[in-house]
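The two complexes that follow have chain A in common; it is paired with chain B in the first and with chain C in the second.
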Partner chain A sequence: MTIFARPRTASPMEAARWSPRRQLATNLRSVFGRAYPRLIGLAREPSWTFFEVLLPFLTTSAFVFVYRALDAPAEYIGFVVLGGAMTAFWINVVWMMGAQLWWEKDAGNLELYFTTPIDLMSVLLGMALGGLVASCLRAGVVLLVGTVVYGVSFGVDQWVLLLAVFVLTLTALYGFGMVLASLFLLWGREAFHLAQLLQEPVYFLSGLNFPVARLGMLGALAISTLPLAVGLDAMRQLAFPGGVATYGTPSPEIEAALLVAMTCFFLLAARFMLRTIERMARHEGRLTTRGD
Partner chain B sequence: MSLPSVPAIETRGLRRVYKTKPKPIVALDGIDLEVAPGEFFGLLGPNGAGKTTLIKILTTLLLPTTGTARVFGFDVARETRQIRRLMNIVAGGEQSGYGLLQVREQLWMFSQFYGLGTREGWQRVDELIEAVGLDEQRNQKVSSLSTGQRQKMNFARGLLNDPWVFFLDEPTLGLDVSAARSVRELVRTWKDALPGRTILLTTHYMAEAEELCERIAIVDHGRILAIGTPDELKHRVQSESIFRLEVDRLERGAGALAGLPGVVSASTATDGTTPAPDGVQTLNLILDNDTALGGVVTALGSMGAQIVALRKSEPSLEDVFVELVGRGFDEDGAGSNGHHEAVAR
Partner chain C sequence: MEPTVAAFDRHALRATRSRRDGWRDTWRGYRTAARLGWRVEANWADPILFLTYSVAKPLAGALILVVMLEVVSGGGADEYRAFIVVGSALWSFVIAGLSGLAMSVLDDRERYRMLKYLYISPTSLAVLLLGRGTARFAMGGIGAAVTLAVGVLFLGVPFDPAVMDVPLLLASMALGLSGVIALGVVFAAVVLQTRQDSWSYPEAVAGALFLLVGAVFPLAVLPMPVQALGLVTPLTWWVAAVREALFPDAVSSIAGPGSLYTRLTGVTEPDRWVLLICLLATTVLVTLGAMLTFRVSERRAKDRGLIDQTTGT
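After this line comes the complex of A and B, so read on.
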């Protein structure tokens, strides 16, 4: 067995000594490493994708018909289609990301990850990346089909800003997902119940199916706290400029800055919580243990 | 290659207390241990002895309550990164990974966690798949592997970074005799291929410890009871006489014999309260000297038990354990399935 006779390092000391660059490179590699199963899953289990596209699309269609029946301004249809597309990410964050670490713990993966040289943050980022790419596909389909079927016309001037806002919305949203995943692991079942309780109100406040500006003060509160609310509002302003429905909310530039701040906050919070989780696990001998 | 001068593993007064209710559990109660680089070291102990707890501390998953532990000089509490780079761990019954991935893909994913390059990772994965004997399963989904194949994959994973210390926590747990044998063979082949590789293996199968390990620590209730080579340990009971009896209708269990003159210990291989289907049990006797056997035979006769076979035997690690702890491995209710008997045959 030749491979067994070939040492990878000359001494234990050499094996333990990594340059900061190597540590960073390994962390980056493991982000993709962890995203990999998610992407493979996407290709291997296409039936999931079908439902995850169909459900947001049906919701979107229902709102389109309601707005049409009410003779709402044409831009509302575009709003709803955009919101429907973003729902794909939201569902992914709440239902997949949130429970991820929990599942990893249950499968015994989490403990194993702790024994590897990488930062657990890379694993969490990898999960987010995998989910994000998978959901992009779904969101794209909803957006495309919705646009064609319901004849939405976009009037984008600031493409770069729109793209930036879209990307920032996702980073903030998945940053939130990472926090959620850590919270679920820390608090267990209670956190699940809390999330289920909050699911509907948050859904509503994010203004997936109507402009959040209509909610007045509540809408302003949503914009200042919920990544999806602020991201959607900014994207609607940019995709349908001059529309009356987003009147009264901050400019897209300010909202983009808000998204940057949210992203930073969520990433730092997730990192802090992962550290806490590891510290508690090493002190108390639970949390990362299978089946407790 | 010159071996490093620091011990591969070193613990000093290591204690670990779990803060459980109603009262805390002392899982490790002052472990002093030194394992040299290149050594194959075994921790032998019954369920709950503290073996996994010790491994978890050494693999940086758990902090010591007091005392210190070092791996190649690196402190488990502070220098976790360094330790994680040079060691790896495989446990029995490990179910890590993602069922929908193929064996190759799963191993490649893990290779990325150890900093192997993309291509380098694939190459190493393919070589390891061959080395552990999973060629035919390389493109099979992880979820479809048998328990034995699964454990081979876990080994391939554990060898991705070619660890300097390899922790094996009951690696043959749940495997049948032949799968367990091929896992043991694999471990030994890897270990012998290069000097300097250190293994710390925990097990409650005595035959496994005896077959693989150069040095063994017998642990129970978080303490090391004895430490030495298998031969050294067995010499401890050499002065006594050891007999194995096959006894039918031993209804009152081995306990009734313990008080007889000259009997150091009497224990059954299976839990005494549930006789084997055919009613015949194996009785292990440690006697001060051969003459005490007469009393035991008489006592068995008066109990209505019938001796089917009797032979004098060389001391085994089990005898050492029985003498040290005063009970057999399987006599605490939480006992194993007698797998070590199967291994021994």
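After this line comes the complex of A and C, so read on.
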């Protein structure tokens, strides 16, 4: 037996035989390492501020003008502005997380992730945090400018609950994004089509520009499965309390509990699925092949 | 003899290119690029998923607007329903036209890394990109047709084939689609200069144009300077002309009380000839601008080495 012979291990992390402290430190470094190119990329190519921050505001404005053309109550304009802000996070989840492992495979980086002694969730968390900066900026601009330009008035009484719902929505969304990342990787080239499919249809089912309760059973189904639908509805109820348009859905407290359940479910599902694809990648050696 | 830089005769290359770049070669290059584009888009996807994807996106976009209308009007406003369905159906052409060419640049440069080889092939880059974009354009057409059909069959859009103005429809579609392609060329020129992460730019631009052109609401609700911008865009006249051809009684997106058009002309609804002439004039303007922009962008990309540069972030 030579010094190169090593016992079989379940993962590169196990093979590294690091202390828990070193594992944690390495994973934290991975989070930062994966967030870094996204953050630095923002500074290197300023065109994104125009295309990804200012133009989406104009898209949101189009829906505001639809309601204005219909002489809708001012509350609906607030709905559109809030919905427009939340799309930033959804797009980030679908494109910058869901489809990202697939892009990484295309770029030839995926096999490096599978062979390094880090948890794949650290890489995805790094992507999430890196992308979150741009998304927060975009959402903030839509919310702030929309509020000022279109005179939206919020009547928030429960700030703490609103903040909790927002954070829970983001964690559930990013957990969902991690699940999508594994699925998109398995579905290969169709990932691009699936990512497209998860935009307008999900906006419709989540009631992005109108109260989701108006969709009846479809809306109820969306509230029980889509973090965007339940989070958006809870935030609307808290931001525009007493509005007739929020009638017909569970209370914000119940929706917050739903979001907690979704967060746990999606994070556990993501962990299971990432482990599964990691195992598949090592055993079958196909997942990391470019052009599969 | 050792080869030198001087041995490479750029003028000779240009002459060879122009000799071989006749209509037949151009057509062959376009056809090949279009076939490749279709295969990239459709052949590698599951057919059911591909069809669902082609149709679900524009349909969901139209449904969002129809539900918004229902929420506010409570099922009244039939004429506005037709207005919204036509606007959102045509919009799938705009998204497809804008993203088709731009995505071809990004795909071929960043993913397949073939743009440099395409660039040095005898067919012009613009023709190859147009070919690659044709597949997406066709998908946009499928989405538009299905959205209109669903609108008429299930969403209560009052469509009467007897009153349809077919010549106006054909002429406006021909001109309007040319305008969309010209805007697509402009956008391909833009992404030749930007980084890999520009994947989302075409949809962002299409979303912004959605505000300007009266696709889903009359221009009269916009501030006057924004209306003026809308009136110099071919898409505004295209959407209005198609709407006029399909639903002559629909609300005008261009004229009406509070609109810049009515203030300038005193007319409350532009007739079909005005729509066509304005569409022709703005399309010619945008096409000339697109050709110029693409030429400048291509030259700059060549000078700065952007054609074979990948910019992964």
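Methods note: the second predicted complex is superposed on the first by the 262 of 292 C-alpha atoms of A that agree within 3 Å, B and C clash if a C-alpha of one lies under 4 Å from a C-alpha of the other, contacts with A are read in each partner's own complex, and residues count from 1 in each chain.
Definition applied: contacts are C-beta pairs under 8 Å (C-beta built on N, C-alpha and C of every residue); 3 or more make two chains touch, one makes a residue touch a chain.
Here the structure is a predicted model, which means the values were calculated and not measured.
By the document's definition of touching, of the two partners only chain B reaches A:A10; chain C does not. In the superposition on chain A, A:E200 contacts chain C only, with no contact to chain B. Contact with chain C, but none with chain B, is seen for A:R214 once the two complexes are overlaid on the shared chain. With both structures placed on the common chain, the touch criterion links A:A107 to chain B and to chain C.
Using the contact criterion defined above for the overlaid structures, shared-chain residue A:P241 touches neither chain B nor chain C, since it reaches no partner. Once the two complexes are overlaid on the shared chain, A:E52 sits against chain C while remaining clear of chain B.
When both complexes are overlaid on chain A, the residue A:A72 reaches chain C alone and has no touch with chain B. Residues 37, 41, 44-45, 107 of chain A lie at the contact with chain B in one complex and at the contact with chain C in the other.
Interface residues of chain A, counted against chain B in their complex, comprise 1, 3-5, 7-13, 15-18, 22-23, 25-26, 29-30, 32-34, 36-37, 40-41, 44-45, 107-109, 111-118, 281-285, 288.
Across the complex, chain A meets chain C through its residues 37-38, 41, 44-45, 47-48, 51-52, 55-56, 58-59, 61-63, 65-72, 76, 91, 95, 106-107, 189-190, 193-194, 196-197, 199-201, 203-204, 208-211, 214-215, 245. Listing the residues of chain C that touch chain A in their complex gives 44-46, 49-50, 52-53, 56-58, 60-61, 63-65, 67-73, 77, 80, 84, 111, 194-195, 197-201, 204-205, 207-208, 210-211, 215-218, 221-222, 311-313.
By the touch criterion stated above, chain B contacts chain A in their complex at residues 1, 4, 8, 18-19, 37, 53, 56, 59-63, 72, 74, 81-89, 94-98, 100-101, 105-106, 108-116, 118, 124, 127-128, 130-131, 161-162, 164-165, 189-190, 193-194, 196.
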